[in-house]
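Two complexes are shown next, each including chain A; its partner changes from chain B in the first to chain C in the second.
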Partner chain A sequence: MSVAEREPATEGTAIVPASGSRRNLIPRRLRNPWGEPRFLVAGTWIYIAWALVPVVIAILFSFNAGRSRSVWQGFSIKWWWGDPNLSIFHDSDYTHALVHSLLLAGLDMVIATPLGVLLALGLTRWRGRGSGVANSLMLIPLVTPEIVMAVSLLVVFTQLALVPFSLIHLGTTAQVVGQVTFSLSYVVIIVRSRLAGIGGQYEEAARDLGATPIQALRLVLIPLLLPAILASMLIVFALSIDDFVVTQYMSSNSTTTTIPMYLYSNARGGTSTPALNALATILVVVTLVGVTVAYLLYTIVGKRTGSAGTGASALRELSGIEAA
Partner chain B sequence: MGERLGGGQVDVSATAVESRASYWRSFALPGVAWLVLFVVVPAYAVLAIAFGRVNFLFQPVPYWNPLHWNPGYVSKAFSGSLPGGEYWPSIRNTLVYVGVSLSLCFAIGYPVAYYVARHAKRTKTLLIVLLVIPFWVSYLLRMLAWIGLLSPDGYVNQILQWIGISHPPDWLNGNPYSVIMALLYGYIPYFILPVFAGLDRIDKSQIEAARDLGATPFRAFLHVTLPLSKASIMAGAALVVLPMFGDYYTNDLISASPHTNMLGNEINLFVQGGSQKNLGAALVLVLMAILAVGMAYYLYATLRDQRRLA
Partner chain C sequence: MAGEVELRGLCKRFDDAVAVDNIDALIHAGEFFSLLGPSGCGKTTTLRMIAGFERPTSGEILLDGVDVAQTPPHRRNVHTVFQNYALFPHLNVFDNVAFGLRRRKVARDEVTRRVNEAIELVELGGLAARRPQQLSGGQQQRVALARALVLRPALLLLDEPLGALDAKIRKQLRLELKALQEEVGITFVFVTHDQEEALSMSDRVAVMSNGKIEQVGTPATVYEDPGTVFVADFLGVSNLMDAEAGADPGSPDQCAVTIGDFTLRAACGDTSARGAVKVVARPERIQLLAHGSERDNCLPGMVERTVYVGATLQVMVRLVTGAQLQASVTNTGSADGFDSGAPVSVHVPADALRVLGAEAPPEVDPEAAAPDEDAAAAEPSQAAGKP
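So, the complex of A and B:
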């Protein structure tokens, strides 16, 4: 990148002689700690190793032959399959947690995505009294620590004897409501940044050609928004399946335990086996399957509408980097 | 729809514009209703509990009418949060751990984001993928990984013993360094990604202009790249700091000792552990007050920068 920044610009054309002569006093190597990327290259790779190697080790330990989660005792798949009692697929605690995690993620996705897309459309287009308040309302879940949301939802669901709150009991319903509440804003942010990129002209063209507002929305805007909708579905899925705080506060008993909750309560116990690592690995596999499916759909949609990038840019959009 | 009016449709009557406004407002309605029900009402409920009382069974009783509010728990929580108070150790731990973790996030994360955004060429896509992966890996798994590595017979101690340190520290029982490292490890991806995106968006011609005007590469970085990435640094810092302030599970997993309690742990203990929900709710107000101070500074700084640019 930017040759100009890294290498001193062609020495002969240095306009300011003072800076040119000063430059010669410093050894070329030390002139610019940022321009010389060697430190940065090493630092970046060390960071990446530090970020990923522990995860890889934790995943490998799910294949440990012994009971230890910290000392390697040979390779085995018994914690995954094989052992009739201790393998994750033979222990109902584990399978139940997995099924419940997937159920919550699915429900969260189905509710939060349409609600968020509509809210994003409304907030972008609606100019008038109340729209400012609605906008800041949407931002509240993003700037509130999760424990605050969890405590406040727990309070209304257990203390407020008023319809709709008295109808929502701790357990699956409360967990879904809590998860939708914090994932809604992510959908809005992603869809809204996409809407800003599309602009109003396509819709206007459709309207000028005689489409009703609903038709313009259905036939023009929604197809253009599909990549963003996909990205938000993926983010909601990942947020839900990885969520711990709200899901734990909203849970009722062992039947509403999710994988993160199970990991939390057993991670430090001396009795837990590498099956716990296997369970955590499943969480990662499920998320990565989600990412892959979303990526494939994204590229298909992108090719059809010509509105989405591929490769790295697709990945960046799917991770919500562009919306950040 | 002001653009439409400008676009030659002069005959659009005021009522049409008005009805279109309500058309779009109806889209926002379900979402807004959801947020009012499950964000605004619960927030008020926390106030009602914090200013409430307990009944004869020590169960919390919310007081919905502000005129009947009982300030006891809130004043106890706030006075206890001052230096010397009952909750001060947790407040101090929170401020120190978050401060140190945030500084390390910047010291480590900024150079990484800078390298990937501005210098990486052939490896750029690969690096982006590698930076995004932790984002998709469960937070709990990443903590689980460190519990394995830091356990008494884990790889960290094995390496230390191999180097010659025969009595490695106890990492997993009340060790503040482990907690800070875990917070850093858990949240740094959320700092790097927005900073990377911000640096990647910078128009290179601006840096080239600075260089053409005689700035050394370092000065060009200091006076062009760094100020232009300031907004994304602030965004990354906010993304990291907000969840850290409410975090209790990292501490529970890595330390599990009251010595390293953070504010989140106190709240969690009061709300989920015992019958002191009122006090827990009052401590939530303390947490929000601390964050409000931070947020006010954030808004002030952003507005000041915008005004300076304008």
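So, the complex of A and C:
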């Protein structure tokens, strides 16, 4: 069918009435192709509310005067502080879980971040045979189901009579090793995307001006990588605080219980009280404080190094995980 | 004077690709020496080997007589101005310039004094506390220069240092850079793909292609007296034509070249060549006369296209032989007679018609023997881009 044959037909019948009726669906005053995308904006806000309201409710109920976690019985801080039998800060199980969570997160951060930076530097410089494969394999821990990693690590640490695996005993050591194992990939990816952005020229310039390879790293590359290093630390901290599966499998006894483990084992039990909500609130607050500190540091460091201006670029840095 | 560089049999291979193929060159102390060529010709790799960023596959790099080919970059008294300057973004101008001195453990007072001197030298006084990203491209370029010059290198390497600047600043910095080089007396090795840049600043130019040096000479030599078809073609619009060379009975210094049905006299280049040759004439030496003008060394043709460049008009003329020539005509305010389709008489003076011997190696021929349309289509736009 030629264009000439088709055109009059469509013009006369199909298009004009169809577009006319579609126009009537949306009132004229709401129609503005240059205006805000109202429906998208509304959708975004609905999602934000959907995701945040339960958290806010949980936080509110940590201040409930009664035992209920669903019926509001007045305001009280007794689940937090003041009652020797009920308050989380008076219960050694709660406080121990909190301390252990923070300990694991701290160790994970301190170990995984420098290791990840070194691996990223190595992978960036390694050209030639095997580098492409290694680069792809680095991504596998990101996509491996956590439960698979947890079970494998458990088997390796408990069954294998082979150094170094046999040296790792369940408990804090195994938990740290497990968390470092899966959080390392995130560090590598964040730092590598930053390294790719920096390129080789600054390091070459430093070498050209008389810096040894170590000096070039210390005086030029590390300062330029600082935003990525901070972002990595934050990610590792958040991953660790939040982790349940690996931490649970690597635990030994009640002394290695973390907040997520405690919440999981008690949330559905009959003994649960708003103290659990308080514990969950602490988890939220700790994470938020971590994000805020990292964001502020990032902005300050970014201004100082001139490499990344505002906090907005911190988010971009973090989203490098998706980009990579 | 220190700063003499000699390259001996220098080669660089990347996997299977040969980037630099056995080049020899002697760069005199205090000279402004350019490596000129198209991208991928090996000029940047050569520079990076002199700087120490690339390790030569074979060959020697003699810096004042000492082979430094296996010396890491931080132990060479050679400094580089990078294409995008590579100023450290986390340091201000002062600290950028002081970086090299501090690595050499120069005393604090002396660092301050020398850095300030260097900043004054490149006329950036008052901007020492600024960050690189607060400076314009031209200012950043000066900081990069100061950062390298403050170390009093024997040799300064410049990798397309003007490439990232806009046309007007580029022209201005060209003059300043040359003046600066004369003032400090340091050997400059300058890498560029811009022939105008290379010709206007250099004491000598090495034209590179496919990892080899095609010709080394003063700007006037490589432009006026190109040794190969590649050099003639790369340095400006060269109007290459196939011709048949024969003896000129009238004078022994000249030869007769036959282009199609026409015989012209050529007085430059390899006038002793006989048989199939290439002849070349620079567009600014070609004159366009009214159709039917009776003169020696004229070829009839037809104006195909006139490109307005500003100071000149680039007139593309199709000869009756089928070849296309470009003539550069001074803009006198009227483009009369250069309308498309107008017949003209193309006058190529004997002393502007250069014979390139047929001994030109066949592997550079693809460049030279490209269809005339391609060459002509590429050149005017390039010329128009450089007002």
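Definition applied: the second predicted complex is superposed on the first by the 277 of 324 C-alpha atoms of A that agree within 3 Å, B and C clash if a C-alpha of one lies under 4 Å from a C-alpha of the other, contacts with A are read in each partner's own complex, and residues count from 1 in each chain.
Note that in this section a contact is a pair of C-beta atoms (placed from the backbone, for glycine too) under 8 Å apart; a residue touches a chain by one contact, two chains touch by 3 or more.
Worth saying up front: this structure is predicted, and the values here are computed from it rather than measured.
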Broader residue contact with chain A after superposition on the shared chain, chain B or chain C
B
Is A:Q215 in contact with chain B, with chain C, with both, or with neither (first, second, both, neither)?
second
Once the structures are superposed on A, label A:R69 by its partner contacts, choosing first (chain B), second (chain C), both or neither.
first
Is A:L230 contacted by the first partner chain B, the second partner chain C, both or neither?
neither
After superposition on the shared chain, which partner residues are touched by A:A174: those of chain B (first), chain C (second), both, or neither?
neither
Quick check for you: in the superposed arrangement, does A:P141 touch first (chain B), second (chain C), both or neither?
first
Tell me the contact category for A:A58 with respect to chain B and chain C: first, second, both or neither.
first
Partner chain(s) touched by A:I189 [first = chain B, second = chain C, both, neither]:
neither
With both complexes superposed on chain A, which partner does A:E204 reach: first (chain B), second (chain C), both or neither?
both
State whether A:L40 touches chain B only (first), chain C only (second), both chains, or neither.
first
Chain C-contacting residues of chain A that also contact chain B
204
Which positions of chain A touch chain B when the two form their complex?
1-2, 4-6, 8-9, 14-16, 19, 23, 31-35, 37, 39-41, 43-44, 47-48, 50-52, 54-55, 57-58, 61, 68-71, 115-116, 118-119, 121-123, 125-128, 130-131, 134, 137-138, 140-141, 143-149, 151-156, 159-160, 164-165, 177-178, 180-181, 184, 188, 200, 204, 213, 238, 241-242, 244-245, 249, 259-260, 263-264, 267-268, 276-277, 280-281, 283-284, 287-288, 291, 311-312, 315-316, 319, 321-322, 324
Would you mind writing out the residues of chain C in touch with chain A in their complex?
51-53, 72-74, 78-80, 82, 84, 86-90, 99-100, 103-104, 131-133, 147-148, 151
Residues of chain A touching chain C in the complex:
201-202, 204-212, 215, 219-220, 223-224, 304-307
In the complex of these two chains, what residues of chain B are touching chain A?
1-4, 7, 20-21, 23-32, 34-43, 45-46, 48-49, 60, 62, 108, 111-112, 114-116, 118-121, 124-125, 127-149, 151, 153-155, 172, 185, 188-189, 193-194, 196-197, 204, 207-208, 211-218, 220-221, 232, 235, 238-239, 242-243, 245-249, 252-253, 256, 264, 267-268, 271-272, 277, 280-281, 284, 287-288, 291, 295
